[in-house]
Structures are given as C-alpha cells and as structure tokens.
Amino acid sequence: MSWNRTLFALAVLAAVLFPLVVRDPYFLHAAITVLLFAFLASSWNIIGGLAGQHSFGHSVFLGIGAYVSTILFIYWNVPPFLGMIIGGIIAAIASIGIGYPCFKLRGPYFALSTLAFTEIFRIIATTTEQVGPVDLKGAAGILISFRPGNSFVNFQFAEKAYYYYIILAMLILILFIHNWIEKSRWGLYLAAIRDNEDAARSIGINARRFKILALMISAFFGAMAGTFYAQFFLYIEPILFSSALSIEILLIAIVGGAGTLMGPFLGSLILTPISELTRTYLGGTYAGVQLIIYGGILVAVMMFAPQGIIPPLAKRYRMLFERRA
Amino acid sequence: MRGEFPSKILFLRRRKMKTIGIILLTFFCVFYYGLGLTYAQQEVKVGVLIPLSGGLAVIGENLQMAHDFAVKEINEAGGIKSLNGAKIKLIYADTRGDSKIGMSEAERLILREGVVAIVGAFQSSVSYTSTEVAEKYQVPYLVPNSLMDAITERGFKYTFRVERKGSLWAKDQIDFIADMGKATGKSAKTIGVVYENTDMGQAIAKGIRKWAPEKGLTIGLDEGYPPKTSDMTPVVLKMKRANLDIVILNSYTSDAILLIRTIADQRVNPVAFLGSSSGYSDPSFIKEVGKLAEYFFDLTEWTTDLKHSPFVQQKNVAYKKWNKDNRDFNGGAAFCYASTYILYEALEKAASYDPKKIRDAFAAIKITKGPAMMIPWTPIEFDAEGQAKGARMLVVQYRDGQRKSVWPAEISSTKPVWPVPKWEERK
Amino acid sequence: MAFFEIKDLQKQFGGLVAIRDLNMSIEQGEIVGLIGPNGAGKTTLFNVITGVYGPKRGQILFKGRNLAGMGPDKICQRGIARTFQIVKPFHTLTVLDNTKVAAFCRIKSHEKATQTSIGILHFLGLEDKAHIPAEHLTLAQKKKLELARALATQPQFLLLDETLAGLNATEMDSMIETVRKIREQKGVTILAVEHVMRAVMKISDRVVVIDQGHKIAEGPPEEVVRNPEVIKAYLGEEYGRP
Amino acid sequence: MIGFIEATISGILMGGLYGFIAVSLSLIFGVAKIVNFAHGALFMVAMFLVYWILVLLKVDPYLSSLIAAGFLFFFGYFFQRFFIEPILRREKETAPLTVILLTSGLMMIIENVALLLFGADYRTVKTGYTGKVWEIAGLFIAQPRMIGFVLSLILILLLGLYLRKTNLGRAIRATSQDREAARLMGIDDYRVYKITFGVGGIMLGFAAAFLVPFYFVHPAVGELFVLKSFVIVVLGGLGSITGAFLAGIIVGIIESLGAQFINSALVESLIFIIFIGCLVVKPTGLLGKQRE
C-alpha cells in the first residue's frame, strides 16, 4: 500500500515540477490539454467506469458547463470560478432529465439514447441565436475577450502555468473523489450494478437511484471541465456538444482502463499527444493520417486489451490501480 | 535593485561588461562579411492557417496552391529587397476546420516556428479565434477571406482583413438585385434565403434580414438547413411553394451540388438564383453539376475576367500554366494570392523581422499597383479596425461553364441574362 | 393469515399467457418444491414474485402485505430473497464483497457487514474463497455464492431457482444438506423450483406442480408424482435425473 | 395541399432508401446484437466501388450493383470474421461498448484511407437518367429516386422470403430469437453471424448503387446516414426488415413534412427526440417482438 502511495506521490510531485522544468509554452499547452482530457475522462469514469454505464453523452455536460459560466461571465460578470459551480449544478440537474429515460435502457440502447441526447443539444445550441437578453451566437460560438494579466477573478492568465496548476488540482481532486466513492458503501453498490444489474436489484439495491446519483456527480465535474475549457481556449461553440467529443472522452477512459483510478489519466497521456503530434507533423501533408493512427490504436486496444491498458499493469501495482481494494 | 549593490561590485560588473562588449565587437568585425552572407540566405517565416484535412480539405488545398504560387513569384523576383533579398517561407498548419485546433496551431506557429506574421484561416470561426492568439503574442495576422464581422470589431491592433464583412455581403446581394431590377425592368418583390446553418450561413441570413426591407424587398423564405443534410428535397419543395422571385443560397460544396440538382429536378423557376460564394465558387461545384449551373448568379470577391487591372488575366494565365491540374484562380485563391503580395509589401515597408514593425507597416500600407491589384478596388489600405477600406463584392453569372462578371457593370465583362430561362426551356 | 399467498395471479407477454389464475399459499417454515415441465412458467412466477415483472392482475401477499407492482429492491427489503437459475455473481468483486454488498441491505456499517458475510461464507463453506474474484469460482461454488448473497440480505422467505441443476451427485447432496440447514438454523421459509425430481422429493415438505402457468396438482411429494395429471404433463420427460 | 402531397411523396421516396440503407444494420444488430458504427464506412466503400466501375468500365450503376453487392458480401463476411468474431468468442456476454468502439475505430481507418486514396473531392456521375424526371399532375419525381425506391422494395421482399423459406434464412432468424436455443439445435451461431453480416453487406451494396446516380461520392458520405440508420433500426424494431423499411419511410416523411411546416434545422432534433421517446416507451420498436 505505502509503496503505491509513494508512487502516487512521486507522480504528483513530477506533475507539479513539470512547468518549472519545461518552460516552453507549447509543451505546457499540450500538457494542459492532456490534463484536461484526463480530467474529463475521469469524470466520465464515475458513471462509465464505476457504475459501468457507458454513456456517449458526456460532452453535453461539458457544453453546459462551458456555456453557463461563459454567459454568466459575459453578461453579469459572474466570476467563472463561481460560474463553474453553478454550471456544475445545472449540469447535475440536467443529468437527472437525461438519466431518467436513458437508464431505462441497457447496453447498445443506452449508448445510442445518450448519443441522441448529445445530438439534440448540439442542434439546439447551433440553431438558437437569441435567448432573452443573451445572444448565444448560434453556430458562430461565443468568444471570451482576453483580459491581460493574471486574474483569478476573470479566470484568465497570461502565463499558462496557472491553467496548468488549476487543472492539475482539479484532476487530483477528482481522483480522490473517485477513490473515496470506490471504497464507500455505494461504491460497492455501483460495482454490483455494473457487474449485474438484475442481481444487484435482487439484493435490495435501488439501481436507478444510484445510477442517477453517479451520473449527477459525473455531470457536475464534466461541467467544471467545460468552464475550464472555456476559460482556457477563450472560445466556445456548439461543437462542444458533439457526439464526436463524447466518443473521444470515452475512448480515453476505455483505452486507459474504465473503472480503474488511473486509467483515464494514462489514456489521456497516450492518446492526447498522439492526436496532437500526428496532427502537427502529418496533418498538412497527409490529410487524415492522424485519424488512421488513432483508429488503429482503438482497434488494437479493443481486440487485444479490451479492459484497457491498466489491468495488465494492475497485476504489478495492485492496490493503486485495482478496481476494488 | 542595482542601487543596493556595493559600488565595488557594481564597478566590477561595469568592467566585466566592457570586456564582454569589446570581445563581441571584435567577433562582429571578424564575422561581418560572413554574417552578411548568411543574411542574404535568410528567410522570413510566415505561418499559414488553412483546413487541409476534413470536409474543407478541397478548399484548403486550392488556397494553398495560390499562396505557393505568389511566394514562388516573390522569391524568384529576389525576395524582400529591404531585407537583403530574404526569401519568404510559408509554414502551413492544418486547422482541420476546427477553431480550437486553429488556436493551438496559431500558438505553435508563433512559439515553435517563430513566424513573424500569420495568414489565414478561411473559416470565420477559425480566424475569429486564432486572431485572438496572434493579438495576445502581438504578431500581425492577415485574414484574406473570412467574413464574420466581429473579426475586425474587437479593437484588435494586429488583425487585418482583406475580405468584405459578411453582413455587407448581403447588402451587396440586395443592391445587385435592386440594380438588376432597374436595369431590366424585371424587378423582384419577394426573395428567399436558404443557407447552411453554420456561422457563415447565419451571418448572410442576418444581413439579408437587415438590408432587404431597405430596398423594398420582402423575405418570403428564411430557411437554415443543418450541415450534413442527406436530402435537399424538403428544403427545395419549401422553396418552390414559397414561389419566390429571387432565391439567395449559401452552402458548402456538397450541399451546393445536391441543392442545384434537386432544384433542377423540381423545376423551381424564380427570376434568378444568387449564390454567396463558398460552395458555389468551388471549382468542383461547376465540374460536378456542369450544365445545371448555367445562368446561376454568384456573389464573389473576384473572377478571372475582371477588367480593372491587367494583372487579373495575365496572372491567372501564369497560374493556370504553373499549377498541376491547370486550375483557374477562384475568389478565395485570388485573395490568398493578392494577400501574399500585401504581406510582401508590408515586409518591404517594415524592413524588419520584428512583428511589431511589420504590424505598423500593415497599418500604414497603401497599395495602388503590383499584383496585389488583383483585388478589384484601389487603393488597398486598412482602417483603424484593420478592415480593408473600399472592399466590395461582385456578382458573376455562369455562362457556358465560365464565371462571367456581370456586376458592378463598370468593371464587368458580360451582360447578365435576367430573368434566367425556365428549367423546362433549357436543353 | 398465510405467511405467503398468491391470489389468482395473471401474467402475459404480448399475446401468450405465462401464468393463468394461479393460487397458492405457503406457511412459515415450510420448504415447498415448485415443479413443472420446461416452459411451465416456474421462472416467470419467480420473476413476478420478486418484482422483475409486474403481474397483469392478482395479488401477491407476503405477511398480509400486497407486493404486486413493487420493484425487486423493495421486495428484497421486505424480506424476500432469491437465487438465479443462471448464476449472476458480481464477477469482478471478491466472494466476500459479493456477500457484503448484499449484507448492506440490512446492515450499514462496513465492519458488521463484513462479520455477517464471513459468518455466512463459513456456514456455506466458502470462507477459504473469500478473497478471490467471483469469476474464478466453479459452477458449484457460484451456486453457493448465489445462496450466500441471498442469505446475506437476511430474508424470511427464500426463493431458490434450480439451485441443483448442473451439479454432480456429491455436490448435489451437499447442497441439499445446506438447504435443509438454512431452514433448521435460520428458520427461513423456502420455495424451491427444481427440475430434478429426486432432489425435490428429498428437500420439500410439499410440492406444487404447474403446467402452462396453471397449477395442476399440489400435495406431499410421493402423492404428487403418482398424480396422473402430473405424469401427463411430464410425459416424455424422464424421471429423476441425473 | 399540393405542397403537402408533394412533400409526403418525396419523403416516402427518400425514406424508402433510408430504410433500405438501414436494413443491413438492422439485420446485424438484431441477429448478432452488434452495433456496427462502421456501417457508414462500408456504405461509402460500396459507393466508391460503383462509382469507379461506372467511370472506368462504363457499367451502369444498376448493373454494377450486383458486383457491389457481391463484393460487400465478402467484405462484410470477413469484417465479421477477422474483427468482431474474436471479440464475441472472447467475451461471454458481448459487451456492446467493445464492439461499438472497435467498429468506430475501423470506420476512422476506412474513411481516412479513402481520403488518402481518392482525395476530398465531391464526385458525381452522369447517367442517362440523372436529372430526368417524371411529371405527374404537376408533381416532379426524379427517375433515379423512383427506380431506387422500387428496387429497394423488391429486394426487401426477396430478403424477407429468403429469411423465411431457406434453411440458412431460418437459421438466421432462429439465432436472432434465441442464440442458446439455436446452438442447442445444432446451429453454428458464429457461421450464422458471418453470413448475416455478408447478407447485410449485399443489401448495403445495392443501396449504394441506387444512391450513386443522384448523389455524390465522398470519403465522408457515410456519416450522413449512420446516425439516421440507427434511429431507423430502433424505430423499426431490431432485426425487423419490414420494420426498418417502414421506419425509414416514417423518418423520411417526418423530415420532409417537418421541413415544410416547421424548419429543417429543428427537424433533425425532432427525429432524435422521437427516437428517445420510442426507446423509452416501446424499446422493441414498431414491429419488434417482445421477448421474455
């Protein structure tokens, strides 16, 4: 146990030191993207991994978070950190509305229904240009004008290091929450539901309630990521709701190892740079090559390590990675 | 801080500095000649953001060719004189048509590649965001063809746009319709706007809603259809039922092809169809729909048969000879070509690798001659917002598969056919 | 008032009637065997009793309370537990956790739940398997785990769905032994669907025979097997396997 | 009124083709419980095949549809054999997600390989009947659409017959209803899956050929139909051929009328809303049978 703790501590330490060692903003930018997607995948992991409900609709929460905090910030100068919480709460409420019908369904039906939800949100975001005083700008998307300097009130920083540490903190937070849930009583409930819902209900577990609870938490953090995204890229658009993004998120978690604590992080560490680098070095000349590579990895993992790349590692570092201690 | 140092240390420092200075000076003297040489080979790195993969790859590649052609010409003509003939080197970055990627790529160009200026990024949404990055790092950003008004309405110091603002495109379309009415006596009452529901389409539609009433035109149909629509018949039938005098269309290539074919199938016969560039100016559009495009009007920034400048024909011929699948310039490409020359003029003027100086050169530029004159207005200069003054759009009509300029009359080659013949009457 | 009672129960799937005007009642502490040919509706009946499906009409009275329309979790909390014919362990969880998560049905604290679980595993002779993932168990062990999980919810009424099917002779005998012990030591009332006649005769005080969702006979095992109705229903099906 | 009729007719015509495109998806989904995200990519492959045969060999699409169908049979067969079957064999109860991600990975690969090979140009063909229309009482019906619709209808009836009358067809239906039982009856379920995928491929091949004459060909063309196909499959009921066809027509009509009387941008979402509603209210779809 302690061995794994130290390992974890070392990893965190390395992450904390990274910006001090690597001064190049481009790498820092890449690192932030990696952490952001690790965080997103980790938030998906709570519903998708712990509860085993493979949602294809996570981008909906990302989108809600981004739009809510941004609109609050632009029109009423609400500090994005506050907007982040509000967005999270709204996303959590929305997730009840999504979860209620979708959780009636299982397997492919569940996947497809959540997919349909992302499409609906995307279309609505694209078509609505004006809501009361708020101009959603339709497909054009909303740009948050850049305010110079480093300000936590505006959640805008000239130095990327700030963003880096914020998202790092968020990631560590969600990892602790994941771990706590997993060890808690209802973590065990979720695992039971994941393994066999009928059996779970037959021993008195109210599956629907716990699934929705998990989805709400998942949605809350997904929305937080949305706010971070908005403040980092200073631009949001309906694409945020796209099913493609949902799939990308779930891909990272699955490739890393759904349900495992560090899976999403590892997945992001592998996949995010690949898509970044291949785009940078192949993108121009060989259109689409990066997607071929991406698809290749996906196929390989599904065929040879469908549980993701963590479980094989898990044999060695049990306590840190294992699904259940 | 300095003041706190004991004078002794300060003194030492001073001396140290002096010695270093002397050493440097000698080095400089010794290698001056050598330096001079290396200087001559030096390059001016300029970043180009365009979509090279994804749905817009076709358009992207087309623009890329235009840039390459201009740079080839400039470098063969001895590069930038004011920088001892430094050559322009374009570094392409693929935006995949994604505004997020556009931003990170812009950042990469500036920080990794160390470009002194950026040109791009075709799609408004991408230009909109990547200009933000350039502004942040204070690198001049020249936008040849993106129409979203906001791009030059954010008080940016480093963004310059050659293209006409999107909302004014619609104004030009409306003016054209009104003028044709006067000229032919066949004036239109109700117009319809059918557009792909993306930033560009929505911008055009917004403009039409704004300007149509001023010319006494009523909007009979205002229909945005979703991207990736698999069947255009529903939209076309709606168009047909609204029996409009003028149909204004805005689509990317795939939709444009489907739309025209369906319109022909359904025998929709208004006085005229008027496109809004993009899909309707894409070479593969005319290649694929062929005869169906005949008599189709299209708003465009440019065409090969403009009369205002000799460069138009002569450069297009040269370009056609040069590029592999001997293509003509289309509007987008021509603007990219001209923009490369505007960039060149700015670099000459700035006589420096410093982005800030180059930015000032852009702001002060006033071009009245040279290949930049491909652009159908003079002089080329930018207002305080960085928007090109005097920018305006033209209208072409497809005639025997050629895009013939028909409006404004003074610089156009051809008399328009208005109203266009009914589908039934075409052979 | 009967401990458990079913009153003219009806269940349909689309067109076909799975259970037709079924009536039966069970006294506290009984072990009742429920038999019938394939597709007689035994498992369906279980699923209706445990709330997997709502009945079309009729009542399911448990200690005078009507369970019809309740969800499986509610019914379990009321004190009815079940096993599944096709075993459904939580395969990624250890045997202990499988039992523990069931124990949470009544006990909220981790420690107590663990103790109870270990007790139950011991009772069923699974204690040495406690820390291995359920997916690594043999079928016999999985069947026992089904029992363990059901018992962990501390039921008063236990429904066993073909707990003996697929076991070899020795495994079967030990399982029969276990079922008896459950009644003796824990005072749990049991309704057991069984296919294996021999087993049914051994464990049950009373046997209910259903065919095409309808009760055709009821009574002590040895009488029932001589009942012509039953024989007719079973015609073609050979007696006591294995 | 005339507009209403017009819209309905065009909706039916295009909807029929949507349905026909979805049929193979429905078969595979219904029989093997496989969610095939590469559906659109396979469709694209078939379209390019037809396109090149026409361009290079000057063979009419309706003729080359036979070739496309044959090719897609083997494509589907080996697609199942080499990519999906290993997963089905490995996992006791098939995890839908694994297959979904696998197929979407394959989709990425196929589409972008096509992009490398053929470039991003939009290609169209010119046949004797492209742009030809029949005029009936002031209504214009594009000939290739009508032909496509009729042929699809015929093929669907044939497929129905095949599934009812032939042994293999019966085996397919048996497997789709109860895999275990079918296995007990001595049916090699994996072979059935491969065949099913192949048969699906045949239908897809035909569908592609029927679309080419009035559509465009592009590496990403499949994406226009994938989601819609899933909606149709679920609305129609898993594995229900006629169901898929009807659902296709319904979707077509919704699209067409929706565009007429609401707004085409919102209709898209309307379809998805109906989709979710249907899933929740009657997961078995229009003609799907409820099972225990």
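Letters A, B, C and D name the chains as they come in the text, with residue numbers starting at 1 for each one.
As a working rule, a contact is a pair of C-beta atoms (placed from the backbone, for glycine too) under 8 Å apart; a residue touches a chain by one contact, two chains touch by 3 or more.
These figures come from a predicted structure and were not determined experimentally.
Participant: Enumerate, in label order, the chains that touch subunit A and subunit B alike.
Facilitator: In this structure, the chains that contact subunit B and also subunit A are D.
Participant: Once you count every C-beta pair in contact for both, which comes out on top, A-D or A-C?
Facilitator: If we tally the C-beta pairs in contact for A-D and A-C, the bigger total goes to A-D.
Participant: Between subunit A and subunit D, tell me the centre distance in angstrom, where each centre is the average of that chain's C-alpha atoms.
Facilitator: 33
Participant: Could you grab the centroid distance between subunit A and subunit C? Build each centroid from C-alpha atoms only and quote it in angstrom.
Facilitator: Roughly 43 Å separates the two chain centres.
Participant: Using mean CA coordinates as chain centres, what's the subunit B-subunit C distance in Å?
Facilitator: Here subunit B and subunit C have centroids separated by 75 Å.
Participant: Determine the centre-to-centre distance between subunit B and subunit D, using the mean Cα coordinates as centres, and give it in whole Å.
Facilitator: Taking the mean C-alpha position of each chain, the two centres sit 40 Å apart.
Participant: Residues touching two or more other chains, restricted to subunit B: which are they?
Facilitator: Answer for subunit B, listing residues that touch two or more other chains: 53, 57, 197, 224, 226.
Participant: Please output the residue numbers of subunit C that touch at least 2 other chains, ranges allowed.
Facilitator: As it turns out, subunit C has no residue touching two or more other chains.
Participant: Which residue numbers or ranges of subunit D touch two or more of the other chains?
Facilitator: Within subunit D, the residues that touch at least two other chains are 115, 120, 265, 268.
Participant: Under the definition above, what is the set of subunit B residues touching subunit D in their complex?
Facilitator: 53, 55, 57-58, 61, 197, 223-226, 228-231, 233-235, 237-238, 240-241, 253-254, 257-258, 261-262, 264-267, 284, 288-290, 292
Participant: Using the touch definition from the top, list the residues of subunit D that touch subunit A in their complex.
Facilitator: 29, 33, 35, 83, 86-87, 90-91, 95-102, 104-109, 111-113, 115-116, 120, 227, 230-231, 234, 265-266, 268-269, 272-273, 275-276, 279-280, 283
Participant: Could you please specify the touching residues of subunit A with respect to subunit B in the complex?
Facilitator: Spelled out, the residues of subunit A in touch with subunit B are 24-26, 29, 33, 123, 126-127, 129, 138-141, 143, 145-146, 158, 233-235, 237, 239, 276, 279-280, 283-284, 287-288.
Participant: In the complex of these two chains, what residues of subunit D are touching subunit B?
Facilitator: 3, 6-7, 10-11, 14, 18, 115, 119-124, 126, 130-131, 133, 140, 142, 214-216, 218, 220, 223-225, 228, 252, 255-260, 263-265, 267-268
Participant: Show which residues of subunit A lie in contact with subunit C when the two form their complex.
Facilitator: By the definition above, subunit A touches subunit C via 185, 188-189, 191-192, 194-196, 198-207, 323-324.
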